Amino acid sequence: APALAQGARVRIGYVSPQTGPLAGFAEADAFTIDAFNRIAADQGLDVEVIVKDSQSNPNRAADVAQELIIDDEIHLMLVASTPETTNPVSTVAESEGIPTISTMAPWQPWFIGQQGNPGDPSGWRPFDYTFHYFWGLEDVIAVFTNMWNQLETNKVVGGLFPNDADGNAWGDPNVGVAPGFAEAGYETIDPGRYQNLTDDFSAQINAFKQANAEIVTGVVIPPDFTTFRNQASQQGFTPKAITVAKAILFPQSVETLGEAGHNLSSEVWWSANHPFTSSLTGQGCAELAQAFTDATGRPWTQPIGFIHSLFETAADVIQRAGDPTDLDQLTDAIASTDLDTIVGRVAWNGEGVPDFAAQNVCKTPLVGGQWRRNEDGTFDLVTVDNTTAPDIPTQGEMQPLS
Amino acid sequence: MIWIDTILQGILLGGLYALFALGLSLVFGIMRLVNLAHGDLIVFAAYLILVLVTLLGLGPFLAAAIAAPIMFALGFALQRLVLNRVLGTDILPPLLVTFGLSVLLQNALQEGFSADSRRIPAGWLETASVPLGPISLGVMPLMTFASAILVTLALQWLFYRTSLGRAFRATSDDPVTASLMGVKPASVFAKATGIAMIVVTIAALYLGTRANFDPTTGPARLIYAFEAVIIGGLGSLWGTLAGGIIIGVAQTVGAQINPEWQILAGHIAFLVVLLIRPRGLFPRAFD
Amino acid sequence: MTPILSLQNVTKSFGALTVADGVSFDVPKGQALGIIGPNGAGKSTLFNLITGNLSPNAGRIEYDGRDVTKAPPMQRCLSGIGRSFQIPQPFDRMTVFENLLVSATHGRGLPERAVTDDCAEVLERTELIEVANRPAGGLTLLQRKRLEMARAMATRPKLLLLDEIAGGLTEAECVALVETIKAIHAEGVTIIWIEHVLHALNSVVERLLVLDFGKVIGIGAPDAIMASKEVREIYLGIEV
Amino acid sequence: MAAGKYTVVTRTAASQAAALAALALLVIAVALPAFASRSLIQDMFFILTMLTLAQFWNLLAGYGGLVSVGQQAFVGLGAYMLFGGAILWGVNPVAGLLLSGVFALLLAIPMAFFAFRLQGAYFAIGTWVVAEVVRLSVAQWKAVGGGTGTSLPRDARDAMWGVEWIEMIFDTRASAARDILAYWLALALAVATIGGIYLFLRTKRGLALAALRDNVEAARSVGVDSARMKWLVFLVAAFGTGIAGGLIFMQNGRISPDSAFSIIDWTAFVIFIVVIGGIGTIEGPIVGVLVFFALQTLLADFGAWYLMVLGGVGIAVMLFSPGGLWGLVSGRTGIELFPIRRRLNRRD
Amino acid sequence: MALLETKGLTAFYGDFQALFGVDVSLSEGETVAVIGANGAGKTTLMRSISGVIAQAPGMVRFEGREIGATAADDIMAAGIAMVPEGRKLFPSLSVEENLLMGCHRRKVNGPWTLQSVYELFPILKERRDRPGTALSGGQQQMVSIGRALMSNPRVLLCDEISLGLAPVVIKDIYAAFPQIRATGASIVVVEQDIGQAMKVADRVYCMMEGRVTLSGAPADLSREEIHDAYFGTAA
């Protein structure tokens, strides 16, 4: 391999939230990095992965990114898991000129959130060194409305958008989800941004009841969603569909809802059911999920695929760069990536992305899924809509909440 | 109608905040101890209840009843072994120690239980409600509120009608002189913290059934609890209950106007009350 | 000549308890006035009203011809009212000398350098010079009482308020104290002194005021006051 | 008459030695970028800014008796004004530091008006709540990203005064030059803070501050203007804390309400530093920040254990040496590097 | 055998030694006065006996039992009650609650009850529901004495009970002494007022600079002797 020929070790920095409230995203870190190191060794890649914990704290994320760059003199930065992690790290890396691959944050909060004035598109600039792949709000809009179209509703949607990076991006009246929903014929009731860890959702429930909303959507953190779901039941608000992001990402979070978790729906960015294979290990999605469960005793979760794909992409980039310790060559290699990974195709070719972000953002496929409760209280995520990515098979149909 | 509902929901929410606050109020009132770990202790108790529920298959209420004496013992030991040694006129050492404790607890829980969010299952009670004309009130929130009132009554009785309560107040004023009356300040304080931990367990029961919690959930509500205590006036238990309700109602009313203002409205209510009455609604004569 | 201090109908109550009840009296410049009265009569409260540590519910306080009823303590101190507290309140963590420096610099609005010798002199007069560099928190009761007085003196007051400074002193100490106060008085300082140690008080003051239940029940020459029936009954507890 | 018989001394042998050492250290510190690695410069930046925050908090709590747990309000507002200035009005970030200080000062006025009505623990909680209100309000400020936060625009970053010159003389990349600039600014701020506080404590106002700390009633009745002293201390601390906040985030390049108004980072850790080092002394925060930094560096890679050890050390120091580490040192040896105690000596 | 005695009692505040080998004793039913100038160590002696200042074992004996190293609250329970210097009432307790604190731990049937304390100091009954500290100094002193009596102590330690009190109140308070003695309690009074001390005491100890310099029955001591012991003028 060329990297070996150069005789220099490539240092990869990786920042993720291993502790703190976002730790669920990082649970596959060790598992993935072990596999990566093993395969890198097999392939004769001289790489070293230096892992830093953001402690789920954006300040800390920026600090450790600096440490990686300055003390560890890394050549390539990898970062994943929510804008709270990706944005500070990307900002630091961009200003230090370190090639960076980022994932697992919708691209709007990542791209727009890093701009000086997010409200003023004229001032938005592309980045020279940082690249991001995931999906965007337009995909979520399509997936959600497709799922809802399978049901008989009055097309009135109540929105729960907090005042955080995700909530502001989703809830923006101009570039958020509402205009897209409107195009698909859905009216959005948005009572306004609330703070995370709110203890009472009566105001939202009243607003939804008044507007006779039959669907609830949003991007909600798990504790808030539980509060909302309970209060909605207690206050006699029973929508036909609840389709939210974030809150029901992990099976553990859904399990805490008990029966109230059944048939909740959300976007699915990766699953054991996806038809992709790893460029690194050759595993299919089901195999990877099983390997994870075997190794850790825990059920598969969506981030596993993306963390894996992040290292896939890194390996690919390093192999393609003439001198992977040369930052500019590495950057060029990222920009010219075209790789089929376990989460789908990663290529920064601007496909489906507006011009201002085309250079830095790549999109991966998104479908819709529903949580189905098993007899024993465990839940399965079932793909119910694939209009947006027909090559990912569905496993069932969208069902209304009883 | 919406406003009536909003205010009722706010009052019920206030019950939850009052439960968070009552234990704090007890400890704050007796020892001037600003316990920054209070929120984390509530979360700790919630995990304890959860463990009892999952391990022994108990109902949440029975589990809380078993957890309460365990928490009492823990509180007693904590006060005896650690906190007593930093009490004094200076509020800083306890502030720092309880902050350290808060950090310790959070991270220990994280090591032990991971960052996953959990919930204490309460079965059908979770979603049960009582219709009240066009309004319907959740059974759990109603129970929360009722518990807050019961806890206040019980503490009030303990504080002002028993000789232990008198010893609490005397020791709070002057531990050295109290010891000349045959009081052991160290153990009086330890008992107070123990009792506060029983209240903490009750708060944990309702926190844990209302929403998910994870090891870092504690501090977020700590500030509301402090607000309730201070609005109420140092050492006034009814005041603490009233304080909780004020914060709760301010939040729901604020949210009804615009959800952006929900939490802000609670804080602003606190500031306004203190502007008008710097020592809270029901201050005690001397402190 | 205007009196240095004049109280007119000053009233103060704590809740239902009235501790100053329409108190009126004047103190001419340079006089030494003693205040006696049973415990709880409102003597210390009266001092707090004069210094501004408490504010009256009604009435008017004039100092040096000006209305100071609403002035903050700091301002009254600057204009020449110095006081000692019944329960000594030293600045515990500062040295004795620094205690005095605070009052000399802030009480008189002077820079530090200008008051050093003055402070030293007060320390000598109050026999605190030996402990000048010791933290005030570690002083004995007597030393604390002396510090109370020294700190008040360091502001070079025109009106000095002393609250029970002889209590707890031995006879010899008491004699020394009386000498010191006499000397201060001789310099023209007006003195109001609350004291239960009557022989000490009476050897200094020219006029005596008796307070009972917040009311002035007598004011006049010490001999006359001490001989009055009311005082003997109420205060000394001597059956007549 | 005692005239001229006594002199007042504050200096000690240790303090004179310390002054010389400090001067030498300062010279080395200024020249540091010439030979130190970039990571050392960054570490120094962290130490200096935390030290500044700690000194101001110490001034508030240790000397002024104002135990504020709302200092993150000033850090955050200072930082946001620097960003706001750069984003909305094109203010050069270096000049924006002044905005940081001024706006923090402006915030301090209503905050003090409210908080000064409260005592002790009430004051502490009151300041915390005000800081929360400021955080929640800033989180509604859409032009700087609302709850999402934002980054310093590249134009503003590139335009920072002095960076080009540093790039030239040290022959480094722009990002390293920005670090050097930030480091020098932090050094200047820390030196000005320590020097300023020390000189202030040696004036008669410093004396008044100490008196107020011991007994408010008594201080008031010997002519100390307690309200004015509190205002003075609070406003000065707000101004300095605001500038430090602006500087920290200028170097950081990214801001969000949660990071800028973090009670843990900007108040809890600062309290930790001051109390561990020794409150009410200038030396304490210096010792404290070094201990804090050492702990952070040694333990940063141990995840949750880092915070647990930190918590444990905090508890241990409070239990075994309530005067902090410096208290332990000066208690044993009597050394004071920044003496303020005035001793009255008989002239012989 | 003495009811209460100290042997070679020493006490320290940090490095500062306040007592140097003090020997005092108190017999059943006796009243003993401790006099001495300010700072002589009288309060320190009281605090050492009552356990506020921890002692090495072996220095204090009460009813033949060693109590030097016993905690203050246990000493109180054994029957030694103190009227501390400076009254030390509990501000957040009412007058009545302050009194009740006196028998918080030691509940012994005896002559002293709320009722009899109110008879002794009738003004307190009027003020029973007020906060203890909203009383004047004299009234507070009455509460403090009453509070100590409430436990029906075997030994009553009174530290400067007449400090800052009007003569009429001092008279009242000392007038209560015979009643207190009549109940069988032994009393130690610390007093500045030598005359007063001589009047009530069976025996007097005179302290100076942490040492007992003179002791004996009042009748046996001459004014000069006392003066010397007090001020250290004796060669």
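Should a chain be cited, it is by its letter among A, B, C, D and E, assigned in written order, with residues numbered from 1 in that chain.
Here is the rule we go by: a residue touches a chain if its C-beta (ideal position, glycine included) is under 8 Å from a C-beta of that chain, and two chains touch if they have at least 3 such contacts.
Nothing here was measured: the structure is a model prediction, and the numbers come from that model.
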Considering only chains that satisfy the touch condition with chain B, which of them also satisfy it with chain E? none
How many angstrom between the C-alpha centroids of chain D and chain A? 38
Just give me the whole-number Å value for how far the CA centre of chain C lies from that of chain E. 30
Just the number, please: Cα centre separation of chain A and chain E in whole Å. 76
Report the inter-chain centroid distance for chain A and chain B in whole angstrom, where each centroid is the mean of the CA atoms. 36
Two or more other chains in contact with one residue: find those residues in chain D. 136, 140, 304, 307
Mind pulling the residue numbers of chain B that touch at least two other chains? 107, 110, 260, 263
Going by the contact rule already set, what residues in chain A reach two or more other chains? 19, 163, 193, 195
Which two-chain combinations touch? A-B, A-D, B-D, B-E, C-D, C-E
Residue numbers on chain B that touch chain A, as the complex places them: 2, 5-6, 9-10, 13, 16-17, 107, 110, 114-119, 121, 123, 126-129, 131, 136-141, 210-214, 216-217, 220-221, 248, 251-252, 255-256, 258-260, 262-263
Could you please specify the touching residues of chain B with respect to chain E in the complex? 163, 166-167, 169-170, 172-174, 176-184, 235, 284-287
Write out the stretch or stretches of chain A touching chain D in their complex. 18-19, 52-53, 55, 57-59, 62, 64, 66-67, 70-71, 83-84, 87-88, 91-92, 95-97, 109, 113-120, 123, 125, 162-165, 167-169, 193, 195
Provide the residue numbers of chain E that touch chain B in the complex, in ascending order. 50-52, 71-74, 76-77, 81-82, 84, 88, 90-93, 97-98, 100-102, 104-106, 131, 133-134, 147, 151
Complex contacts: residues of chain D adjacent to chain A: 37-39, 42, 86-88, 136, 139-140, 142-157, 173, 175, 178, 252-254, 256, 258-259, 262, 265, 300-301, 303-304, 307
